Amino acid sequence: MKFGTAIGIVISIVGIAIGATMEGTNVMVVLNIPAISIVLIGTLGATIAACGLEAHIRLPAIYKKAILPDDLDLPGRVKELVGFAEQARRDGLLALDEAVGSISDPFTRKGIQLVVDGTDPDLVAAVLDAENEAMRKRHAAARNPFMQAGALAPTMGIIGTVFGLVNVMNNLNQPSTLGPLIAAAFLATLMGVGSANIVFLPMANRLKELSEAELHFREMTLEGVLAIQAGDNPRVVEEKLMAYVSPKDRPTEADKGSSAPAEKQAA
Amino acid sequence: MKFGTAIGIVISIVGIAIGATMEGTNVMVVLNIPAISIVLIGTLGATIAACGLEAHIRLPAIYKKAILPDDLDLPGRVKELVGFAEQARRDGLLALDEAVGSISDPFTRKGIQLVVDGTDPDLVAAVLDAENEAMRKRHAAARNPFMQAGALAPTMGIIGTVFGLVNVMNNLNQPSTLGPLIAAAFLATLMGVGSANIVFLPMANRLKELSEAELHFREMTLEGVLAIQAGDNPRVVEEKLMAYVSPKDRPTEADKGSSAPAEKQAA
Amino acid sequence: MKFGTAIGIVISIVGIAIGATMEGTNVMVVLNIPAISIVLIGTLGATIAACGLEAHIRLPAIYKKAILPDDLDLPGRVKELVGFAEQARRDGLLALDEAVGSISDPFTRKGIQLVVDGTDPDLVAAVLDAENEAMRKRHAAARNPFMQAGALAPTMGIIGTVFGLVNVMNNLNQPSTLGPLIAAAFLATLMGVGSANIVFLPMANRLKELSEAELHFREMTLEGVLAIQAGDNPRVVEEKLMAYVSPKDRPTEADKGSSAPAEKQAA
Amino acid sequence: MKFGTAIGIVISIVGIAIGATMEGTNVMVVLNIPAISIVLIGTLGATIAACGLEAHIRLPAIYKKAILPDDLDLPGRVKELVGFAEQARRDGLLALDEAVGSISDPFTRKGIQLVVDGTDPDLVAAVLDAENEAMRKRHAAARNPFMQAGALAPTMGIIGTVFGLVNVMNNLNQPSTLGPLIAAAFLATLMGVGSANIVFLPMANRLKELSEAELHFREMTLEGVLAIQAGDNPRVVEEKLMAYVSPKDRPTEADKGSSAPAEKQAA
Amino acid sequence: MKFGTAIGIVISIVGIAIGATMEGTNVMVVLNIPAISIVLIGTLGATIAACGLEAHIRLPAIYKKAILPDDLDLPGRVKELVGFAEQARRDGLLALDEAVGSISDPFTRKGIQLVVDGTDPDLVAAVLDAENEAMRKRHAAARNPFMQAGALAPTMGIIGTVFGLVNVMNNLNQPSTLGPLIAAAFLATLMGVGSANIVFLPMANRLKELSEAELHFREMTLEGVLAIQAGDNPRVVEEKLMAYVSPKDRPTEADKGSSAPAEKQAA
């Protein structure tokens, strides 16, 4: 399921290629060097101007993240946090100190560490909120080149096509060459509209959704950390955190069988 | 009244088909395999890239929901909540415990259950708010493929048409074939603009309105649950909740005849 | 002044008709049945799909409201509320009980009734706010068909024109019929762009402005009701409410001559 | 500097006229009565339908305001308010009573009057905020005809051009007249795009910036009035209000020479 | 890395020029005086009308800032602020008085000065917030000419092209001149779309990102100043401020080696 972006781009290209071939066009014509130079290099330059060089050096990592996103296991995180809540209620907050080292997620670890250190709850919330807000800004900056490219590539395609038509118009006296020249001019439009709609805009949206999912995941974690610090009843903590989980992913009563006694003990 | 979306799509297609036939066009030409492949498969692939595979596996259920939405009976819910408010004032909050099992709506049941459990009012509001916010995000994610498709399909149509025109331009020396080739090229534009404006965009808007109506319904329920917990006068609870109901759906004094005495008793 | 919408639509149509006639076009050609069927029925179907049937059954009432809006007399409402403030300060809040029946505006009546009933101020504000928020949502839903139609009609026009051009392209071998066929194809574009820009979009904006004016009116009323309940000095109430009135509609000192003594008495 | 809008419109028209003349076009052709009737009267009617008649009766005053905006002297206002703060600290708030009459700006006067009257600080803030919010809404309504016209005029131009092309298509059998007819049809597009981009949209943006500048000015004044009422140290008042002034407009230490001793006295 | 904007614009122009040359067009044709006059002078006039003259006098400085942005050293600022926090905890807030003069950043200096002066924490936050909000508004006003130009230049290009086509249509009887005339008409479109997409829109986005980065930098500084005033533990201050720093720019434990003992002392 995680490969959606790669699969989708392939489906889209195959669907268009099949249709175009049935129309009688040789789809390989789109691999036209002038069109690629105008649209892809022109767009790359404009996005560098718009977003800076640093954002582009990170692009390969961003592409990889969109195509192979991290797995966000909400029910697992709920279970982990409820476990800490039970332990804290049973043995006190300081008992979490030894658990901190074994937490793999840095955000959860930072939150629990702050709690163990006896930091003021408002300050714990402020520090973790600042982490999330900074991540949200970093993500927005990271996907901005894709959004810019999605808006710029079609107009770069128009620039390429108009350049081609200017050439056509200056050769009106050689009618036999007009058809192929106009066809070539159109290839820049194809490259511009195609790259924007098959790659840049879907990638930008995908990155936005992944960012929102990660923020949602972290907001749940933040709620959980604060509830642990407040010493809330683990059953209430679970109720609260489960609200963040899609109903279809919530464990049924049967699934929870094993943890229920522990909850009762803790309460 | 609930079938609006299906009826609307049929009216739109019939209106366009009649007009096009009167213009002299055989409307069946739009069922053109290359155009369908380029526009519909191309768009599907791009929306999968943009929104992930999971969102597309749920699509049949989403289509069904848009065409056959749940009925949101606001006055009925007000009456149910006012009934609980009366019972709680008469017999105490714990008296609602036996009623919980008979509540059909899971959100109302969760709210009343939290109240019966003696959960802190702020926590009740926080848990139910988190449920609503999570639902709002899920709904937004569920309709996003339609919004993406509404934006992408017309440009996929342009891709199909430009491919066709590239083909035309390379065949300028056979003028007799030009007309049908250009006509075929235009079919992709028709498919792209038509599918976006008759199906994808109206569906996206419909799903947005249904989501907002459900959130409005739940916000009213949340207000009611908190008012019950606060032990508000049932008449005031009704006044407050009725503000969420459209004036034309509010029961007239005559309709309320039977419940009025109960209210007076309770007050 | 209230007939602005009807007058504006007439001016727009007359201006366009005069210009088109001077260009040499017979403007009656726009009353083209295929174009009307494709654009107006096609758009109607799509807006039904987007907004549901109920919203369309209310459309005649909405059109009437846009063309003949209610009169919002802000200075009159200020005077009415200041009068209540004076009476309440002189004779107590309960003295307003007999005035309630004579208040013609249901929102003001509901507010004063709640005050007379001794409802908690926060609850008065919450109930009236919920009324306003629900009205805002109802208004937004009511004008949405116009916004959708404004966005959809031009593209329906393009669908009609492309259908016409497909027909043209399949008849390239009868050159003498091409001109009239292309002309007919363009009529759908005219109908789509014209209906959107002369009727749908201006109506949508007009309804938005009327809704905002009504909300502004109600917010002022809400402020006044809360100030009456708080027992504020009537002169301060007037000062506060007059801030909601456009400076040019504020009564001059001379206009206020008669009410000034009453104010002094009350203070 | 204040004449920016008029100067900008003249520069834009001159630049276009020079370019078009060099291309070989007689720019006077744009003064085409049918195009003007369709675009300008058509747009005027649609904006009347969208925004009401009243908003259009005020248009000459709005044009004048955009072309000759009021001068907003932020450092001068800071100095005036700091002077009041010093006087209030030295002689008490009531000492401002005699100064009230000499304040030229109605908003400042209203604020200081409320303070002198001993109005509650929260109420002073509420009344002045309501004034600002009402002004913001009035400004938004006043510039809306320009925003609407900016969006509608280009499409009115398209309507004019399509009407012209319909005429052209019905005269295909008289080829010698086609060129001038098509040229005439394009004039409506020129009038629509030109009026929107040279007049309507820049005017709408200019009015928005002027409105924001005036709100910024008033927010600073509001802060100052509240600080005077709170009896803040005049030096702190100045520090706070100077934050609203652009650094390059802030007086240097040298400029402040004369007022510094007064500050020290007051402190 | 700082030269991203200049490098990007060059890459974009080179990519387009190479592609256009390969298509057979002489790219120097875009340096067409009529097109430049219509598009660049027409756009400049319209942005002056939209944004005022003052905003344009500052343009050279703005261009320079986009191409050579200030360096924002977040970890360095964190270190500086943590240093002040240590000093304040060790020697008291007044001990910072002598450090104030040596602070190079005016915003940090103003904040620390207010703290040293014993200003109320809420007032410190209010003054610094007002500074930031005023800077945000100034930045938005400064980049608005670029956003306006990005929207207006393509339509100015259309105006130029339509003027050219009007000229073409009036010369249909001299077919041999048509090609070059149409080609010349297209140059205005190229100039309009090109200048908007390669210069104006990327510049507007770049300025927006730089503004957001500076605000982020200042928000961190504001947090730090308030934490110093509150006497927070320097280690907690560092933890809080580091949340604003991108993880990859955070110093590793090794980097912090030297400052750690100082922290322990201070705590």
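By letter and in written order, the chains are A, B, C, D and E; residue numbering begins at 1 in each of them.
Here is the rule we go by: a residue touches a chain if its C-beta (ideal position, glycine included) is under 8 Å from a C-beta of that chain, and two chains touch if they have at least 3 such contacts.
Here the structure is a predicted model, which means the values were calculated and not measured.
Common neighbours of chain C and chain D, by the contact definition above: there are none. Taken over every residue number at the interface, the positions common to chain A and chain B amount to under half, indicating a different-residue contact.
Note: centroid distance chain B to chain C, computed from Cα atoms, is 25 Å.
Each chain gets a centre from the mean of its Cα atoms; for chain C and chain E, those two points are 40 Å apart. Across the interface of their complex, chain D is touched by residues 1, 3-16, 18-20, 22-25, 27, 29, 154, 176, 178-180, 182-183, 186-187, 189-190, 193-194, 196-199, 201-203, 205-206, 209, 212, 216, 223, 236, 239-240, 243-246 of chain C. Contact residues on chain B toward chain A in their complex (touch as defined above): 33-54, 114, 119, 123, 126-128, 130-131, 134, 137-138, 141, 144, 148, 151-152, 155-156, 158-160, 162-167, 169-173, 181, 184-185, 188.
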